[in-house]
Each structure stands twice: as C-alpha cells, then as structure tokens.
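Before I ask anything, let me first share the structure, which is written out below as structure tokens.
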Amino acid sequence: MSEKGAAATVAPATSDELQTVTAARELADGAVCFVGIGLPSKAANLARLTGSPDTVLIYESGTIGAKPTRLPLSIGDGELAETADSVVSVPEIFNYWLQAGRIDVGFLGAAQIDRYANLNSTVIGDYDDPKVRLPGGGGAPEIAAMARELIVIINQSTRSFVERVDFLSALGTGHEPRARLGLPGKGPRVVITDLGVLRPDHETGELVLVRTHPGVTVEQVREATGWELRVADDVSETDPPTDDELRVLRALEAAS
Amino acid sequence: MSEKGAAATVAPATSDELQTVTAARELADGAVCFVGIGLPSKAANLARLTGSPDTVLIYESGTIGAKPTRLPLSIGDGELAETADSVVSVPEIFNYWLQAGRIDVGFLGAAQIDRYANLNSTVIGDYDDPKVRLPGGGGAPEIAAMARELIVIINQSTRSFVERVDFLSALGTGHEPRARLGLPGKGPRVVITDLGVLRPDHETGELVLVRTHPGVTVEQVREATGWELRVADDVSETDPPTDDELRVLRALEAAS
Amino acid sequence: MAPVTTLEQAVRELVHDGDSVAMEGFTHLIPHAAGHEIIRQGRRELELIRMTPDIVYDQLIGAGCARRLVFSWGGNPGVGSLRRLRDAVEHEWPRPLEIEEHSHAGMANRYVAGASNLPFAVLRGYVGTQLGEQSEAIAPIGCPFTGETLTAVPALRPDVGVIHAQRADRKGNVQLWGILGAQKECLLAASRSLVTVEEVVDELEPVAGGIIIPGWVLSAVAEVPRGAHPSYAHGYYDRDNDFYREWDGIARDRERFTAWIDEHVMSGAAAR
Amino acid sequence: MAPVTTLEQAVRELVHDGDSVAMEGFTHLIPHAAGHEIIRQGRRELELIRMTPDIVYDQLIGAGCARRLVFSWGGNPGVGSLRRLRDAVEHEWPRPLEIEEHSHAGMANRYVAGASNLPFAVLRGYVGTQLGEQSEAIAPIGCPFTGETLTAVPALRPDVGVIHAQRADRKGNVQLWGILGAQKECLLAASRSLVTVEEVVDELEPVAGGIIIPGWVLSAVAEVPRGAHPSYAHGYYDRDNDFYREWDGIARDRERFTAWIDEHVMSGAAAR
C-alpha cells in the first residue's frame, strides 16, 4: 500500500503508535477479539486494515464484527453499530459470546500489574479508603477469565509495575488459580508496554522481558519495574512500525 | 355494528362458537392475554374486535400485541409476527413476560380436569405405559403458575371431568398448594365447557356450576361430570351469542 | 467463516449415529429438508431435542432414527396428535423411544444456559406439576440471597444444532426474521451447527426484526430452497396448513407412512 | 398504554427521595435530561444503579442526590476519571457515597434476573478477583447436576428504571435502535419506569435492528428532544465528544461544577 516516493513524508512513530502496532502484529488473521476503547480498539482495527482482514472485532457494547472507519472515542459509538454484522444486547454479549468461550483474544489495560500479570483497575490504596478511586473492572474480570488469551497494554514504570497490586481486578497468568478455578484460558499471552514486550514463562507464568523497543535498554526496563525483572537470554528489538502501518493508523486517527 | 335487516341471515351458534363467545366476554378491555392456538386465540381476537379493542394478545411464539385479521392454525403463523407490536425470542417471552408476572389472563385447554381445575394434557393412563400419549404440557405449567388468572376451555364429559387426573400437567385452583409454592396467581377463574360455565368457590377452590348454555339442563351437566358436581343456588343461562359476535367470529374464521 | 456447502455433505460431516441433535424453529423455519437428509443417510440412535417435535421429528422417529426424545409439546399444531411419536411411545414402533419431557419455559431456558456456557438454568417452573417426578433433569435450587426455592434444569449442549433461515451471505453469515423461537440459542448451545437457508446472497440487506448470526460461529451453511416446507419461511412462502392436516392421515398408518417416506424422502426429492 | 406526559410531571410522580433509581444506556441514549430533572427537583438519598455511571451520575452525585452507587465501570469513556464520583468516594464531598461494585457481566445478569422475576442470576463471573470480598451481593452457587461452583448475584429490582429512546407513539409504545445495552432489562426489572424520547410520532415505522417496548409495561413516556445529550441518539445526533472532554475540566473543580449545575441544570435549560 506504500505509495512510491511518499515514504520520506512519514514521521517517526510515537511511543503510543509503537505500542499499537506491536499489539496489532500479535493478532492472527481471523482472531475474534473482544476490544475495549482506546489503544486496543486502535490495534485491532489496524490489524484488520493491514495483514488480517478477517479479524473479528467485538465491543462489549454489543457490536459483533464492527468495522469502523474512524476510531470511536467511546465503546458505544454509533459508528460501531452502523458497521457491525450484528448488534446484540449487553447481557447477550457477555453471556452468549464472552462467557460461552467464543473470544480468542481479549485486550486489557490496567493501572497496576504484578509479575504474574494480575491486573488492578479498581483502586490505588485501600479499597475502603482509596488514595485514588479508579474506574473499576468493567468487563475485565470476565474477559480475563473467559477469553482464550489476553493482550495487556500498559505503560511501564515502578508505579504501574508493582510487587503487589493494591486490588486484584482481573486474574493474570497464574497456573494454579486458573486450574483451581476451572478457567478455560491461559490468561495474558503478552504484555506490551511503552518500553518493550514481556511474555509469561511457560512453566511459572512469570513475565519475562523478551523485546525492547528501539532505543530502549534492558536496564531502563529493569528500572521501570517494581520487582526484580526476569529477562530473556536473547532479548530482541521491536521492529519499528513500517510506513504502511503508520499511514493506516494515522488515517484511522485522522478520521476520528 | 349490526346491519339493518341483516339479522335474519345469521345462522344459530354452534357449540364451539358459544364457548368462544363466552370466553371472549370474560376478557376485560386492556387485559394482557397469553393465548394458545385454536379456541383461545379465537376468543381473544373476538374480544379485541368487539368490545375490548385494547386487549393485548401474546402468543408463546414470541409475538406481543399481535392483531391477526385471520385466525392462525399454528401458534407461530407469519400473520402473528406481521401484525405484532414486537416479536421477541421464545426464551424472552417466557422469562421477561410470563414469568415476570406481566400476564393478566392465560388460556388453557386440557384432556382432563378435576374438581379443583387441575389439568392433564400429558397422558391418559400410566405415564410410563400410557394408553394415550397426549402432546404434553408445552407452555401450560408456567402459564398456570404465573398468569394472574386463567380461563380454561374444555369439553365436558365423564372422560374429561374426572375424579382424579391421570397426570398433573398444570396446577388448578388449590389455595393450599398455590400458597405453599408461592405462586402469584389464583389459577382458573372460570371453566367454560360446551355445556355451561363453572367458577371456583372462593373458599375451597372447588368448581361450581354457575351457568348452563341455552337448552342444557343442570342434570345433563351433572351427568357429564365424573364427580359429584356442586351447583350454585342460582344457576343462570348463558346469553346466546349476539348477531354481531357471530358475524365478527365467522369473518375471522372465513379469512383463515 | 462458515463453509457454504451442500446439505448432503454437511449432514454427512456433522451428524453421526448416536449424536444428540437439536433442530429448532418454533412453527416457523422448521428445518424439514435437513431432517429428510438425516433420514436418507440412515442415521441411527439419535437423541432428538426440540421444543415442539412437529412433523419433522414424527418423520425421524417413524423412520427409526431416534433412540430418545427431549421435548415439551409433541402435537401436530392445530390438528392433533403426532401419530408416529405416539406409536413409538405407546407401542414401541419401529423401536422403543425413551422420552424426557419438559415445559416450554424449561426447554427455552436450557438452550439459554447451553448458549451461555452454564451448566444449568434457573426458572420458576414446573411448580405444582408431576413433571419433576418423571425426570432427573428437574431439580430444586435455593437462592443464596433470599433462601427462596426455585427450579433448576440442566443446560442443553447438543452435539449438533440445526436451523433453517431465510438467507446467508457467501461468508456464511446467516440472517433470519419473523418469529425467532429459540433458534439462535439452539445453534449457540451446540458443539456443531448447520444452517439451511432459502438462498445465498452477495449482501445481507438489513431487515426490520431480523437478526444475523455470524458465520464464524457456524460449522456449515447449505442453500436449500423451500427447506422449511411444510413449515414456512417468512417473506418466502406460507405455512402449508393443508399438508399439516394431510399428515395426520399419512402418519396414522404405518404402511402409508413408510410408503410416503420411501417416495418423498428416500427418493431424494421431498414433497415440495 | 403508558401516559405520554411531561418530564417534569413524570419525575415528580415516579421518583421519590430514598428510591433506588437505575438509568441505563450503554454510552448510547443515556438519559441525561431525566437526570437533570431529578437534580432540579432536589431528590435526595437515592440509590443510583448503572453499569457505567458516566457524566449523568457524576452530576447527580456531585449535586448531592445520591446516598449509594451500584456500578461496574465508573470512568469518563475515552477521557479518564469521573471527578465528582471520585471526590465523593475519596473525600465524601458533597456527602459520603456508599458503593457496591460489580463487573459488567454481573450487572447485566442482575438486570436480566430482575426483568425475569428471579431473585438471582448465575454466571461464571468475578473469579480470581477481589470483588467478591467487597460485597455480599456476590456469592458462590453449586450446580445441582454437575456439582460445579459458579457465581450468583442478586437480581436488580430498582424502584424506578429510566431510559432514553428515539421514538414513541401516542400509546406510549417505545422504539429504540442502535446499541441497545441493557435498557430493556432495566425497564422490565423496575417497579416503575420512565422513558424519555426524541419525538412522539403517530406511527412507529419498523427500523432494522430496532426493538419496541409496549407502552402497557411502562409508567410514563415524555418527549424530550436531545434528551440524551452529550450522549447520542442513533439516527438523531452524534455523541458530543468535545463535551465529554470538557466535562473533565468542569467536574475537576467543586466550584466550577456547582456553577455549571446552577447555570445549566437548575435554571431549567440544560446545555444542548
């Protein structure tokens, strides 16, 4: 899709764009994605408009197979209903679609994450006397439990990457609790931050740094992590977004 | 609506028509009726087209506010969907509408009835080795339980009016079981047969003959009853169908 | 994306001897053609699941395909009995038929539970009846908050769900409208699913009161014009009420029934 | 038949101090005008119920109408925090706010149970989270058939349910389309119900993807053009994304918020 001679006009990727492109690349074509608004919505649409045209986007507002041409600000924008294959009620989307195990990939963000990718989007501080009252779990508790796998997108700092989350809003990779609770999915498959990419160790579920974004050192990632970060033997560098990826992404954003 | 000079052309009512007209007269205007196919559907539509234009017809096929111009043979005829205010799924009609207690009047038929208007539409003989396997309860168990009141329409003979039903498919007037089971409705308010009209005693729930159809004697009704029938002190006679009622009813049937 | 294939191929791949098969359509859109194909392919020992068995199951039962029937109302709507169903229950012809009987509300909620991946559904159901005495699939359940006792029924999770719909597009997205019954729930509750449609079109034009079931949750879609006959397809053809009345005579007699099946089903050309 | 009346009259008759009030609309069709009328009439001690509190509840909370909030996601969609909600929870301004927190799936199923006249709903929900520790409205329940443990939540039965819809006819039959959220369930779960609509028309033309809620289950219908603003009404006007962004600044400051309410709500003319 790159136009001849136009390449030079594409500005370098911002950190947000890099995360979005990295997330989009994680989606196999045909994957059924349960997406939230913001970066997940951008990433899933980018995937749909680049290499993975059969990516199915489901929003918790009840739109199945939405194909928005501009990015919605809210999860229930009219654009989603207009372009969807089907619009169903919110009870139905959670019961017949998410709970039924029809979702391949869920996207989640959070305010805090621990080494097993347990997520907190509820409160900072004590639940009954919070320092910061966050919006809350919304769809996350069941998305984390019922999607086959999850992509977590979160900015990395010692405030967000913590030894222990203040509140457990959505379950992470823990094999033991997942098995004990009889959950069908494996939880987070990848955590994409503004610094790099982490994946769970297959045995323990602990997050391991496997990639750094261009210009980021492993040391920087360690310093932005509130626990002693495990690092893969062969940390690679994220391929920067291609001009095509950036053009499609920016066109999506410009239309909003 | 009677046309001048046309009265003489109206043929006398058949027994079926008399039952239908009698049932239609039991409906207050604005009543929300859960109707089955056949006589109940005829009666509710007759009511809607004569004195009670705001009668709401709900069929268990999911049509709410159906206003058919011809009588459906089956409960899911296209005519019902085309003329309905709303068509919902079968799970919804049973959960959000019947179970939720939004039905004023349910209509039920049966193969057998006892003195407390308990109904059998399941088997004649033993359940595991039936003499006659009847179609079964269908919607009746929950209609009997959840509608505010019921109109039962059944032909009267010692085969149908029995001391004890072979199978309890739908609960009758019994105060004790209704209270014990916490049911909201009072059960059958009236039983309309081809011979007359019975209503439950307010105290005991036992059916009492209150009206005979024209030309039927109380003795005939007693003989067609498989238990010692209670008879009201002042048994009246059913007003025969008016010419208007018969014309509307026959027009409905002719259109089918 | 659901492969758009032939009915013969779809039934061969999806329906096996011994399967539990749910074919839904509440009076409307009953998948008769799919039932005939199952008879033609000689499937046996099926557990048939359907709220209203209707003619389609009368035929499957009479043809000896079924070991068991799960249902809530087994009559010929507006006409009377299902003669083959009765003969199987009353006289074990052509073979004994085990039955599991529910109310409509119970069956509808069992599909909802299946579509929702829950092991059971809760309703105010069966109260004051003897249905619970006949089945282990009806149990009391207490509310953990109020202590009130309600009724639980197990989820239906058929091996195969079959419905008929008006249209599909080439990706196998299915569109149906008019009376919707429990069709969507039936498909979503099943492990495998087959939808026959009146026609496959390039584009599914929106229809008021219509729903779309995405192709990617379905196993197969097959174009079968008039595939619901003698039931009807809203917007395509009316219910063949005369056939429903005639069926009473055909099904009343074992030989006449068998001759009808031979002529209209086994020959490959169902009465249309 | 639901009486078609004025918003002022409907709120006066249906919403009382101390009531539990559920106002639904999932991003789409949020009944903002009805919320403003409740503020204007000075209702107090309300239990507010809503999956996504959004600006409408930020305003009701900031105006001191609420004693308690039942919710599942309390943010400003696409923007960030609900500042008045946070100020009430974090600093008890203008008064303490008790909260009961659920997941979306839990709230949606609670409405379904309420609409179905069941005391509780069952879901695979909240597992592995700490939400259950915070609320008595989340309890384990065993399947009577498989023994499996699931989660039960109590039905929502609000005193009043409020939604906004596109149209009603003169009998009070209500039509809405686009994203439907849990609006129907909210109305049907409530003891009393109010629907504001963009317009009252003679005839409800069928709309693809639309549903109709019969007037006879509703308590009141009121015509309030732009009654969802800054949310949107599919087919009428778009979401006012700029206002959602601006709200963050308005709501961040107690005085600015109060001035805004005085100017745009108490004056009787909401910003449209």
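A, B, C and D are the chain letters, set down in written order, and residue numbers restart from 1 in every chain.
Keep in mind that, in the parts below, contacts are C-beta pairs under 8 Å (C-beta built on N, C-alpha and C of every residue); 3 or more make two chains touch, one makes a residue touch a chain.
As the structure is a prediction and not an experimental result, all values here were calculated from the model.
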Query raised in the report: Quick check: more C-beta contact pairs in A-C or B-C?
Result: B-C
Report summary line: Cα centre of chain B to Cα centre of chain D, whole Å, reads 40
Report task. Give, as an integer number of Å, the spacing between the C-alpha centres of chain C and chain B. Result -> 28
Report summary line: Among all residues of chain D, those touching at least two other chains are 112, 117-118, 123-124, 148, 184-185, 209
Report summary line: Where chain A touches two or more other chains at once, the residues are 95, 99
Query - Every chain pair meeting the contact rule - result: A-C, A-D, B-C, B-D, C-D
Query raised in the report: Across the complex, what residues on chain C touch chain D?
Result: 117-120, 122-124, 137, 139-141, 143-146, 148, 150, 152, 154, 206-210
Query raised in the report: Considering the complex alone, what residue numbers of chain D touch chain A?
Result: 26-28, 51-52, 71-75, 77-78, 81-82, 85-86, 89-90, 101, 103-105, 108-109, 111-112, 123-131, 134, 148, 178-182, 184-185, 209, 232, 234, 238-239, 241, 244
Query raised in the report: So in the complex, which bits of chain B are touching chain C?
Result: 37-38, 60-63, 72-78, 80-81, 87-91, 94-95, 98-99, 122, 127, 130-142, 144-146, 167-171, 174, 177-178, 181-183
Query raised in the report: Can you name the residues of chain A that touch chain C in the complex?
Result: 30, 32, 54, 56, 64-65, 85-86, 95-96, 99-102
Query raised in the report: Where on chain C does chain A make contact in their complex?
Result: 1, 112, 115-118, 173, 184-185, 188, 211-214, 216-217
